[in-house]
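What follows is a group of structures, each given as structure tokens.
Both complexes shown next keep chain A, but they swap its partner, so chain B is in the first and chain C is in the second.
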Partner chain A sequence: MTFKAFAASRAGARIVGAGTTVAVVVIVELLIRGGVINPFIVPLPSAIVGSIPRIVAEEHVLQRFWQTTQEIVWAGLLLTVFGIGFGALLYRFRLLRMACETWVAALAAAPIVLMYPLFLVIFGRSATTIVMIGFAAGLAPVILKTVEGLAGTRRVLLDVGRSFRVSPAQQFRKILLPAALPAIFVGLRLGLIFAMINIVGVEFLINFGGLGQLINELAERYDLPGTYGAILFVILVSIVFFDVTERVERWLRPGK
Partner chain B sequence: MTIATAAPESRLLDVSHIVKRFPTPEGDIVAVDDVSLSIAAGEFVSIIGPSGCGKSTLFNIVGGLLGGYDGKVTVAGETVSGTHPAIGMVFQEESTFPWRTVVENVAFPLEIAGIAKAERLERAAHFVSLVGLQGFERRLPAELSGGMRQRVAIARTLASEPRILLMDEPFAALDEQTRLLLGDTVLRIQQELKQTTLLITHNLTEAVQLSDRVLVMTYRPGRLKRTVAIDLPHPRDSEVLSSDAFGHYVAEIWHDLREEASRGIVDAESRVRAGGAKR
Partner chain C sequence: MTMDAMAHPRTRVALVRIAIVAAVLIAWEALAASGWLFRDVVPSLTAIGAALGRLLAGPDFYRNLGVTASEIGAGLVIGGLAGLATGILLGANRFLSQAFESLLLYLGPTPKIIFFPVMIMWFGVGAGSKIAMGAVSCFFPIAISTAAGMREIDRVLIRVGKSFRAPPWQMVTKIYLPAMRAPIVNGVRLGLGVAVIGTLLAETKLSNRGLGYLVIQAYSLFDMPRMYALLIVLFVLAIGANAVIGRLGGTDASNTPKAHR
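Up next, the complex of A and B:
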């Protein structure tokens, strides 16, 4: 394989990505061992990796990983149903869109996580509170990108549908929705990122549930390698969700 | 008013006294003014005119996409209001569905008509091969050239088996060579299916190459200025371009069109000047 072919290949990208990560880890390790970075602020990467078997066995990190994942899945389902639904409504009813779009955009910038006491009062100290905060935090981008995607559907595609006398339901299902899918998935990915940040953040704040609570506990004990090890699992959740949404999008919209 | 007619007994499409106005802050603009024409079954008619003469407005009116006009459009005596199953439309812009394969695109109207999947894919495959795209059935539009995508759009419209094929500058975005070859494909299909066709175009060569009659439109307001019957032999293909008769027809139509195109350019320049003066 030539260098040009390697550079253009998916495998090449994966190897370069993994290689870059390993190089950064090695550099950080060397900087800490050389005394450039304080080991009481950033633990040795080797110590972080070494802590993983311990947090798996003693801190039940895999169960907590699963709990956080479930919360994100629920928030994601709510985002998909209500976010796309509200977005479609705003697209369909122009007056509603003109009335609400600015408020929805403002919601995107609102620090929803600070409203956790209100959610605690409504839903109690439970997974429901965490899921609902994640859902509220991720809702705005899903709505906005859904509206953008539907409104951005090329006029000629709608005219093709009209020329074949599609019903309004067929127009939505067979033209508008597939045409808007790339934008909707951008919204869903953003929404899931906001949801995940807030879910882990609220777990941390109310000391309940999955990885956020574990990070809180390990940080309280000043177990820095364990804390960073748990953070690695949060990153893993993010990678899993990014990969899943990408695969679902490719399956639903092969022509993208 | 100019009436461009086919023999009364064979008329399939009748367009009578169409007037379309668009309201603007400066008053109504008459885009199409008292246009009447008729097309016989199996006939290929082109409407040619300069940019801004109301060709596409007429396309949308005949296709049923545009309402709010005076006059009447009838298909085999039945008045058309809105889109009609007898009229199939091919658009100027790239209009394939990018998320559907070639065969799925072509099967779209059959899917809308509720035909079972196996049957519609089989019928769609027939129209895919009719436009010469056999072997590309499973490809996505993004993998095809512009000319191939336009052939998919034509096959999709043909799959709905319209009595009248209505095309709005379908080759406008293509290079000259592809345009000529695609013209051959359209001619072959038209002759094979005896497909009644109304083509909207601003391309002289294309109009003469493909048509039995060419209707010349005036620049704003769009009226029919003249009808030119093209008496070139059938079956016809792009080889006809080299004949003396072809050159004669092109020159004849250009003689009428030149004046209208010049008016269009002068009008566009005066509007730009007026816009500059306002600023």
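Up next, the complex of A and C:
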């Protein structure tokens, strides 16, 4: 394979992308060792990598990861129950939908996470505050996508159900819900991503809970390699989260 | 459908809306009067209204609004221009897109506020770190949206530009940017939303100026009516700005002939 053909291939591009990232890291390392970049502002990349076993062992990263995961799961359950429930309600009552849908869309644009001091007063400095912020931040897309999915059910499917004289509950369970499921899952995935972002963010801000708090604590201790290492870990977790939910979504989508 | 028949559901929708708002307000007031919750967690509407009036009448609010708005504006300019340039590069070049776009897509949905300690180290505790937070936040949606928009451009337009031998700069200003107005405006709308969040959260964490600082100050003083007033103003401003930019993209897109979209 010529170099040109290699560079044109997808794998070649990926290798160049990864290689560039490694090269940047190596250059930063050299610049810090050469005294061009202040090591008290940017720690050595090798020190960051070296700090990872330390923070895993000493800072209970796995427990923190589990704690954050639990918060995300709770927020996800709330999103599933209330988001899909409210979406179904809006679909069922057309007038309610016409009245509320623009409000929900506006809510999606609102900086909900800024309400965290309010949630702190209501729920205290606890996991409940974090879960509720995650839930509130992810609610709008779940509702909107649920309504969209249910409203997008093909007319012929509803007619088939009607000709079989299905009850409203059967119509919802056997026709509407399966037809809307792909759209609902798109909404749930968006909601979960928003919830995850806000949960880690609020953990950092209120210095409570799992991975977000770890970053805050290490930064307050001025443990620079540890702070950068913890940030890398959180990025890794969100990438895995993003990837897994995407795979599940693709798996659920018909005609894959 | 006659005008009457069209007006009818519309009035009914308006009535439902009024009923919902009234129900929420009455429930709120009842909750405030009931004493079930800690005092002041749900202050009465009159207390919130008075706090809102005081907030909007005093110079304090406008000074801090100015600080926050200029931080968000600077962040949006820096992050937006960087995002636009990155998006154009990735959208125009398949190889670069395959090499680097997954990095963007993966870093996009990470919580940006966790970079704040790093930004403090790099840019200090003042406005610099807040501007950086705004810039980092809005870079991703704008870059991703621009790159996707670049690939959607009608090939014919690009061929026209090339056949006129337009230099790269003219290709960008005369072909790419006008053809991508809708996705760029949409990217800026999303970017503004996250830049507002990034900047204000940074202000609540470590700052002595700005609206985020006012919110956290109201929290420390347990001045709940003032906190509600601040949050109401912030929500109105954020949702309003989002709607204005959205309309900008919407009308502009509908003004362009269909074949050129």
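To be clear about the criterion, the second predicted complex is superposed on the first by the 176 of 256 C-alpha atoms of A that agree within 3 Å, B and C clash if a C-alpha of one lies under 4 Å from a C-alpha of the other, contacts with A are read in each partner's own complex, and residues count from 1 in each chain.
As a convention for this text, a contact is a pair of C-beta atoms (placed from the backbone, for glycine too) under 8 Å apart; a residue touches a chain by one contact, two chains touch by 3 or more.
The shown structure was predicted, so the numbers you read here are calculated from the model rather than taken from an experiment.
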Contact breadth on chain A, by residue count: chain C or chain B: C
Partner chain in contact with A:154 - chain B first, chain C second, else both or neither: first
Partner chain(s) touched by A:98 [first = chain B, second = chain C, both, neither]: second
Touched partner set for A:234, first chain B, second chain C, both or neither: second
First (chain B), second (chain C), both or neither touched by A:36: neither
Partner chain in contact with A:169 - chain B first, chain C second, else both or neither: neither
Partner chain A, residues of chain C touching it in the complex: 9, 12-13, 16-17, 20, 37-38, 41, 95, 98-100, 102-103, 106-107, 109-118, 120-122, 193, 196-197, 200-201, 204-205, 212, 215-216, 218-219, 222, 224, 227-228, 231, 234-235, 238-239, 242-243
Chain B residues touching chain A - in the complex, by the definition given at the top: 63-65, 83, 85, 87-89, 91, 93-95, 97-101, 108-109, 111-112, 140-142, 156-157, 160
Chain C contact footprint on chain A (complex, rising order): 7-8, 10, 13-14, 16-17, 20-21, 41-42, 95-96, 98-100, 106, 109-111, 113-118, 120-122, 193, 196-198, 200-201, 204-205, 212, 215-216, 219, 224, 227-228, 231, 234-235, 238-239, 242
Sites on chain A touched by chain B in the complex: 154, 156-157, 159-160, 162-166, 170, 174-175, 178-179, 181, 253-256
